[in-house]
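In the two complexes below, subunit A is the common chain; its partner is subunit B in one and subunit C in the other.
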Partner chain A sequence: MSEQVEIAIVGAGPGGLSAALVAARAGAHVLLIDHYRQVGGQYFRQPVLPVSLTTAQRQGAALRQQVLEAGVKIYTDTVVWGIFQDRVLGLYSPKGITYVQAQVIILATGAYDRPIAFPGWTLPGVMTAGAVQTLLKEQRLVPGQRFLLTGTGPLQLVLAAELVRAGAKVVAVLEANRFLARVLRYTDALWGQWGRLGEASRSWLTLQLQRVPYRMGWGIVSVEGARQVERATIAPLDAQGYPIAGREEKLECDTVALGYGFIPFNTLARLLGVQHVWRPELGGEVPIRDAHLQTTVSQVYAVGDCAGIGGARLAQLEGQVAGYAAAIHLGYRPTTDLAALNKAVEHERRFQKMYHALFTPPPGVYALSHDDTVICRCEEITQGEIRRAIASGAHTTNEVKLLTRAGMGNCQGRMCAHLIARWVAHETGRSLEQVGGLPPRPPLVPIPVADLGRTL
Partner chain B sequence: MSRNLTRFGRGETLTIIVDGTPVIAHRGETIAGALLATGRRAWRYTHHGQPRGLFCGIGVCFDCLVTVDGVPNVRACLTLVAEGMVIHTQNETSDERTS
Partner chain C sequence: MKPSRKMEAQVVVIGGGIVGCASAYYLARRGIKVILLEKDIIGGQASGRNGGGVRQQCRDRRERPLAIASVKLWEHLSSELGVDIEYMQGGNIRLATNEERMEALRREGNEELEDGLNVEVWDRDELRRRAPYLGDVFIGAKYCATDGTANPILATRALAWAAQRYGAHIYTHAPAHTIHVTHGRVVAVGAQDGANEILIETPWVINAAGPWAPLLSQTIGVPVPVEPSRSVIAITQRHAPLFREFISSHDLGVYARQARAGQVHVGGTNIPARTFEQDVPATVIEHLARGIAQMVPALKNANFLRVWAGTLEMTPDKIPILGPVDQVQGYLLATGFSGHGFCLGPIAGKLLSELIADGAPSLSLHAFRLARFSSI
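Presenting the complex of A and B:
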């Protein structure tokens, strides 16, 4: 039968680790689940090779050690493929399928890079900035020779500097937003963010010394190549982010890293029936939460990027808030100073507000694909097919899926659902909230049917 | 096309078999890392004959699928290499091979 725990935390990144630590130190019986081989999430991702650690990796290793010492049980290499009545979680690991019943669930499932579609975006060599970052951080591998970085936000600067230091050639960094003119409005939000400002300026200096062009108000238009990326077409963007015709340039490169922000991993919360709202600046659909970060479903909390993109620091603070609230609910007495914690959360949210005001991708970056461009990478459904489905009456993202199979493949629409939703909204004149996303159905990840059958 | 990738210090080596050819990899590398390190970038051909490789790198997009020891559709970005691992790239093209 199901294993019983007091608190099940899904996702062992900064948010999940922090929630686990506060709750377990207060005395709660905590299970921390992650689908990767090791805890840490994307931000604290540890190298798998015998090399020296970065600052974030050292912090992550220390937090992991504290969590273990606090008595938290950890299941790695374990994916949550469904959540059922009475907070029962379906788990899948190399040992097969098991179930856990929890009194409280804390969702800390993080986010993934938001891809944008343009002619050539399926060619090998086009990858998300997160993929390049992961290969650098975890694998200590530079996956190309001539990199083009396109997207928005300071993470691009940091990645470009890391690539340069690792010996790669960065042909250009394209920043979609002309943010410099507006950044001075936010000095109060930047106050105290010395670590971030320091990292950004060190990266900037590295790029200046290596003469890497940083082009503000520019973006990708398309890439070409026979079997992989050989060159990219780029252009300056207008105020709405649309490429200005006639001003395109070509750049020789073999790798294009896309850094257009992140999409919250909200499938578990949606499966649980948690109410969501559409907040484009927070990455898309985010759960409604109270002051203790409890969702609209009783004793289900959501923290960190899965509840709205906010970064690793905010995730850690939110994790502490939810860990505190969950422990109180179970009758424990955590020692956390909640007032100080809430103050830190507010400070961090001010920074995030500035970040979103400056670095939300402009609408034009979603309009680069043509009718013959594949939108659903799994089922190879083109934009033309999607538009024809809309013309023949589909007026939600889910109806497009039923008519075309777009979003029905292995990734379950995680790459394309937001792109389809934009097309449906554009062609029908309805809002993104009205056209909706794809309703999640278990199993949320492909599981061998033989394993599923054994548990029934 | 071979590609001379910059590589940091590596630890213990092991041998994997990629489409019948022995390839040197390192303990701790993912299959995707090992393939990229040899210069391979396209290791799956879709139903429509289009080349694919690593895209999201964190197990979300399912573009980097390979067959490992006879098991198809394994995510190369998440799976670690092991001594003697037999990897086949996947050609899902419906008619003729395009590569």
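Presenting the complex of A and C:
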């Protein structure tokens, strides 16, 4: 029946790898599961051909080697499609459907891009920044010739520099927040972040050398094109992020990368019944955790971006904390210095706080779509249909889904649920926390009937 | 606690499922002042989660007249309610994989013809000819052409919207918590509306709270013998049109309907639960996948996108409890539909409206009285 393990870790990014290493070195029997073909997650994403690695890719490869040497069992190309009673995880891989029962579950499922909707956002050529980065890092593929980057945060700088180095033309980088004036308030949070500051300044230098315009306080308004993106309309933004009418400009481009931050991937935690709280500064709904990062469900831990956007470094530290706590629970004696670890976590949380204070997308960027703009791409439901459902009495995101089918398609609302929630909150005068999200439903990814019916 | 708001109504309906919404609709249409109380959202439970079948065939003989009369109502609901609820008389195919089942279907078919329901019995060749998309595990079937399907979410909502247009007041997120009874008569209902307490004076209460009906009923000394049961539906990605019938097989434990948008709903499991938990065991998902792959082989390569559970309320004899009770005047039960509530919802609401407005329903409710269980 189910394979038995002591610790199942879902997600082999920085958080999952670190948790696995600590727990396995202490002696625990650890299974690490990831839906990509190679471990590493988005930050350590490895190329298909392991040549000319970046610093992060070298670090990731080294961490993977350590994890393997510590005796961690790794299932790649494996999706966790549901979690059932008694901590049984449903797995789906090229082998088919299998099950694993774990004494402890550590969720390290990361985050996904938060797209925004505007006229033309469904045209081929509009992508999330994360998708562009995945293609670059893993496939060494540059998915366009003339890129416009729009969004907020230093990751845009890094991506723009990567694109330039890969030979693409970046027509502009638009930063929605005028953050420079405020950054000096956070010198203590920046102190010690030399790696990050170094990467940002190297990226900045690359863009300066290539004369890539970096426009602070600007954002996208719409894109046009017959069959794919041909040009974008951009505009300066007011203090709330709304485009200032009459000052629009047009830019010729074929690819638009949206970098408006991330949404914690909390679906597995919610499926397990973990209690969540609404923390917009952490990306949305995040699980409640104790000092050892255990959630409200016994022996279920959550680390890294899936528990609140905080980046790779914080994920690694949190992974170590949870790996330590899980090993202790199972009766092992890890050698980790927990006090030093917690101090490092605190330092990272200061950076996390600064990051969100400076780079949270302003409300205006969610107000670009029109009533005829498609919001749910899978089911092709427009903003107008969503607003009509709200007018007819839908008070929650889930009720809008029931009435319109928005969020019922292949992506299960990962693209649109946050956009629908904003409309419900806006039209009903209720908070985003009150209007809620979409209930998680297994299978978390579409699975062929033939495979589900043929259990190994 | 002192109520912060007092109201009056001629009828209070408890429960915003299809039975409660249909009751409110037919009452309001008669000009009766009705207030509906729903603890959560309209059609949020079994009424919005079911497979969407509207069938007359394969019913308990006592229930058959109600199903036939309900379909007469369904035929006009879309135009009457002003909402396209995706009702379609695409037929219902009840399948057999063995001779024993086939014989039972034949017997039932004869009884149905006697009762005025037109059904056809198909042998293997007829089945291949009429429904070539079905798997070869079936040896025959019974077919009812006037049976069909509708969109459960839209149908329940549309009844609620129409009730409101006729003047019904609907409170959602407003659980009823007390039925006040004086001298053996209903006099009022207490409920919570957000932070407010409300007290509604009324001579009539319809308890249409589905599996939750017993909780309130026992507080006024009327025990209701229904048990919750978990039912699961899986849904595929959109598929090109494959079939318009509602198809089901007791032998495989699977039924299916293809919705207008193309997705196929697959159900057929019933887990006696005695709880209101709605998690879906992996074994049930596998069962539905195996079942639909056998039933409609073309769906083997379709993806399951989602599963969900709903809570049915089962009576010991699997037919509803509908109508007045001996213990309390003015108290009507409309529960225990045992999985048949979606089809029967409109007629149940209409008969209760007649009972209240005319003093007697146009079809006898004798078979559905609560007292039938007192002799057990």
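Heads up, the rule we're going with is that the second predicted complex is superposed on the first by the 453 of 456 C-alpha atoms of A that agree within 3 Å, B and C clash if a C-alpha of one lies under 4 Å from a C-alpha of the other, contacts with A are read in each partner's own complex, and residues count from 1 in each chain.
Just so it is clear, a contact is a pair of C-beta atoms (placed from the backbone, for glycine too) under 8 Å apart; a residue touches a chain by one contact, two chains touch by 3 or more.
Just so you know, these numbers come straight off a predicted model, no measurement behind them.
Residue contacts after overlaying the shared chain place A:Ala108 against neither subunit B nor subunit C.
Of the two partner chains, subunit C is the only one touched by A:Tyr99; subunit B is not. In the superposed model, A:Pro143 lies in contact with subunit B only, and not with subunit C.
When both complexes are overlaid on chain A, the residue A:Gly82 reaches subunit C alone and has no touch with subunit B. Counting the residues of subunit A that each partner touches, subunit B and subunit C differ, and the larger count belongs to B. In the superposition on chain A, no contact is made by A:Val30 with either subunit B or subunit C.
In the superposition on chain A, A:Gln42 makes contact with subunit B only, while subunit C stays out of contact range.
With both structures placed on the common chain, the touch criterion links A:Asn410 to subunit B and to subunit C. Touch criterion met: A:Pro446 reaches subunit B and subunit C at once. Residues 409-410, 446 of subunit A lie in contact with subunit B in one complex and with subunit C in the other.
Taken in their complex, subunit B has these residues touching subunit A: 1, 3-11, 26, 28-30, 32-33, 36-37, 41-42, 46-48, 50-63, 65, 73, 77-78, 80. Of all residues in subunit C, only 41-43, 48, 153-154, 157, 161, 172-173, 236-237, 261, 279-282, 285-286, 289-293, 299-308 touch subunit A in the complex they form. Interface residues of subunit A facing subunit B in the complex, by the touch rule stated above, are 35-37, 42, 47-51, 112-113, 115, 122-128, 130-132, 134-135, 138-145, 166-168, 227-228, 254, 374, 377-378, 380, 409-411, 414-415, 446. Interface residues of subunit A facing subunit C in the complex, by the touch rule stated above, are 82, 84-85, 88, 90, 97, 99, 379, 392-393, 395-396, 399, 402-403, 405, 408-410, 412, 441-443, 446-455.
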